[in-house]
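Labels run A, B, C and D following the written order; every chain starts at residue 1.
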Amino acid sequence: MGSADRLERWESRSEWALAAVAVVFLAVYSIQVLTTPDRGVTNLLNGVMSLLYLVFVVDYVVRLTLAPQRARWFFRHLLDLAIVVLPFLRPLRLLRLVVLVKVLHRAGGDAIRGRVAAYTAGSAILLVYVASLAMLETERNAPDSTITNFGTAVWWSITTVTTVGYGDTYPVTGAGRVIAVLLMIGGISLIGVITATVASWIVERVSEEDTASRAATAAQIDDLRDEIRQLSVQLSDRESAREESWSSR
Amino acid sequence: MGSADRLERWESRSEWALAAVAVVFLAVYSIQVLTTPDRGVTNLLNGVMSLLYLVFVVDYVVRLTLAPQRARWFFRHLLDLAIVVLPFLRPLRLLRLVVLVKVLHRAGGDAIRGRVAAYTAGSAILLVYVASLAMLETERNAPDSTITNFGTAVWWSITTVTTVGYGDTYPVTGAGRVIAVLLMIGGISLIGVITATVASWIVERVSEEDTASRAATAAQIDDLRDEIRQLSVQLSDRESAREESWSSR
Amino acid sequence: MGSADRLERWESRSEWALAAVAVVFLAVYSIQVLTTPDRGVTNLLNGVMSLLYLVFVVDYVVRLTLAPQRARWFFRHLLDLAIVVLPFLRPLRLLRLVVLVKVLHRAGGDAIRGRVAAYTAGSAILLVYVASLAMLETERNAPDSTITNFGTAVWWSITTVTTVGYGDTYPVTGAGRVIAVLLMIGGISLIGVITATVASWIVERVSEEDTASRAATAAQIDDLRDEIRQLSVQLSDRESAREESWSSR
Amino acid sequence: MGSADRLERWESRSEWALAAVAVVFLAVYSIQVLTTPDRGVTNLLNGVMSLLYLVFVVDYVVRLTLAPQRARWFFRHLLDLAIVVLPFLRPLRLLRLVVLVKVLHRAGGDAIRGRVAAYTAGSAILLVYVASLAMLETERNAPDSTITNFGTAVWWSITTVTTVGYGDTYPVTGAGRVIAVLLMIGGISLIGVITATVASWIVERVSEEDTASRAATAAQIDDLRDEIRQLSVQLSDRESAREESWSSR
């Protein structure tokens, strides 16, 4: 069995386990940021966090080991390394939650647009929640900070993700600005996806309106082919019939 | 008759009645927010509001009773419950006005794009008006509020819905921020719809430009099928003719 | 000749004359706003403005008179009336310049997308220029105004039309806010048109990429029909040939 | 050999050389803006800059000389002249770097959408970096400036390019505002490209979903034509066979 297969198998097997780890991570992270737990709980949470951290490190090392071309894999997965190594990029470990969108597959039904809508809504909510948590943790104690409680952090996240940007709240620290930039990129993508989904719906409706401008579909072409085949069969049947009539004479 | 049918029939019958209730609700709400009526009128308006409220409650209870799978219906319509129960979400009762867009059907004519444009314009105006009313009611008496009269509320609504967001006016209360978030989501959707409508128009025009790149239409395929059928008829006619000439010999 | 034809003929004949009037209007308006002319020039400019105003009034009255169903025309052209009557909406008289986009027809070449791009660029520049003039005139002397010179007015226009909206400059008067709202609507439409044009280009490129996914074109269907016709001709030729061979025997 | 050919050949040959010059220009410009080099290094950098400047001037003069219709070329390339002559537009010399996107051709692979994504990401990063440099140089020493270090300049660039526009940082000088306007135009285009790419992907996916609504492809039409041709061949084969059987009798 090739090494590439082993990497692939590891990834498909560990996918859900890592998603579960990410969910626990999100829960612990939320508690750490949103509550002021007493010393004992804090120690417990820190312990859990260290364990979860270990899982991510182990996963990274295993994948690097299984990769057929290690140097190439290493350079292609520098972001993975950064997420594991830099405490600053800790919230990005939640990218593992991407696997959860598979659950949304069913929620959105069979239609592509339904699924895209479910993904978009799910991603938007997760994005805003995580960005608010990370921003609150980062900005809370900064001097001149405008984001000092969770409500305001969510408010800031939403004005940013929709690109409204009133400017009543904004990050003042470097780390906060990096989080904001990631959120803005997410926001632009979300707007793009919404517009695109609506556009595809309108384009389809317009083309359904009258036959004269409706696009020819593959189904129609298939029908046409059937008719041509019948014509061919018809032709060859009559030929045989005539040949028989010839020979019988 | 199935229970699902009964629910459906109730909904189609009560649709316009509830829209009328929503119109009255909008009128009373406007008077309450925009004017400072004397005590008598205030009591009258509050009475009307309570009556309208009762209509919404009755509608909710009836629909819950008629639903074939009540538990499922309950969880799928949590928003409906929230709108009825939470005084805070009162303006959302105006969602009933959605039925009025059916009137716009005729205004937009037969073309899909005309109808989408009419819906969009109608929804945008209603959205901005209601958001302004709700925002003014919520923020008017808040300390440090920047939205203290209807003109400013409308100005804030439009800078928000277009995602311009100068930041000269913005909500400062929690309730005001929830209204703002709903308005932003509406604003992004509006931009998406406008872009999508223009895109569909341009795509169509571009494809109309020259035959070489114009998409094959269903009408053309139908023409093609007709020709193949004629060919088939022609073939079978001549065969019969020949057979006759054979037998006549 | 029907009255509707007369109205149409008047409109097509007066189109360019009114555009010329609008150009003069724009020039005089620019001078009035941007310079501080002495008393004599001011009187002259006011005189010219009154004359131009008369032209718009005459055009409105003529069109109303020529309209076959005057009451219907009146209600469908309330905006035209408002533009003529309300001094406040004076800049909207420049809508007449729309006819100038016909000149851009040639600049954009034959292709639809080229023409759309030329229209968009032309409209954007005119929109920003006129909005800046109107805003400067309106806000210049308002207390607490942030827009007091033409450079700042242009800066405000562009941050608004792109929906960036920093909030360092914004209108404070009611009239200024109405101008801003019109500009925002224009800005959203511009973004929509840009996105849509790019989208149509990408969709076309993607479909050109490989035959397997390229859409069937009308030209291909035409080719197909030709082949079927040839088949039909071939069939009928041979039949005739055989019949001749029969009869000649 | 025509003069137009000579111009074209010059442009294709000098393309990469000018891109190299632009890279050096970018490096020197970055050092000048981001560091405070001592007097000796400053003189050296100024010298290099003058040399690079000479290259741009020479290129402009050569192209003007080679142009078949010099007057026409001159008016069609006024921007090129402005970039060479006005020190203010110095950063626009980096437009030469556009040729580097050819390198991205390979990074994006064969697919149109991959290439568009690679172009967009590359252009966005370059645009934000250069705008930040230019803005920092322009605003750094202005009174009341809000952009006084590179981090803040990048932060401003990104809030502008995504059209969020908090308004915590914004240009206050005329030159800074011109740079901002160029960046906004770039930002809107980027959003347009992102939306359009997503839209084209969704439209394709939706049409792939079921045969009934999938668009007829050129490949299907080709298959159809093959069948018709076979039918035609079949027809003519049998005819010949029969004719032979006739003549052999």
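What we mean here is this: contacts are C-beta pairs under 8 Å (C-beta built on N, C-alpha and C of every residue); 3 or more make two chains touch, one makes a residue touch a chain.
On a predicted model such as this, the values are computed, not experimentally measured, just so you know.
Peer 1: Fitting the CA atoms of subunit A to subunit C, what rotation angle results, rounded to the nearest 5 degrees?
Peer 2: 180
Peer 1: Could you tell me which of B-D, A-C or A-D has an interface matching A-B, in the sense that over half of the contact pairs are shared by residue number?
Peer 2: A-D
Peer 1: So, what's the distance in Å between the C-alpha centres of subunit D and subunit B?
Peer 2: Here subunit B and subunit D have centroids separated by 40 Å.
Peer 1: Centre to centre, by mean C-alpha position, how many angstrom separate subunit B and subunit C?
Peer 2: Roughly 28 Å separates the two chain centres.
Peer 1: Among the residues of subunit B, which are close enough to touch at least two other chains?
Peer 2: Where subunit B meets two or more other chains at a single residue, that happens at 163-167, 191, 195-197, 199-200, 203, 215-217, 220-221, 224, 228, 231, 235.
Peer 1: Could you list, by residue number, the parts of subunit A that touch subunit D in their complex?
Peer 2: These residues of subunit A touch subunit D: 111-113, 116, 160, 163-167, 170, 174, 177, 180-181, 184-185, 187-189, 191-193, 195-197, 199-200, 203-204, 215-222, 224-225, 228-229, 231-232, 235-236, 239, 246.
Peer 1: Can you list the residues on subunit B that touch subunit D in the complex?
Peer 2: Its residues touching subunit D are 163, 165-167, 195, 199, 215-216, 221.
Peer 1: Contact residues on subunit D for subunit A in the complex?
Peer 2: Within the complex, subunit D contacts subunit A at residues 151, 155, 158-159, 162-168, 190-191, 194-199, 201-203, 205-206, 209, 211-217, 220-221, 223-224, 227-228, 230-231, 234-235, 238, 245.
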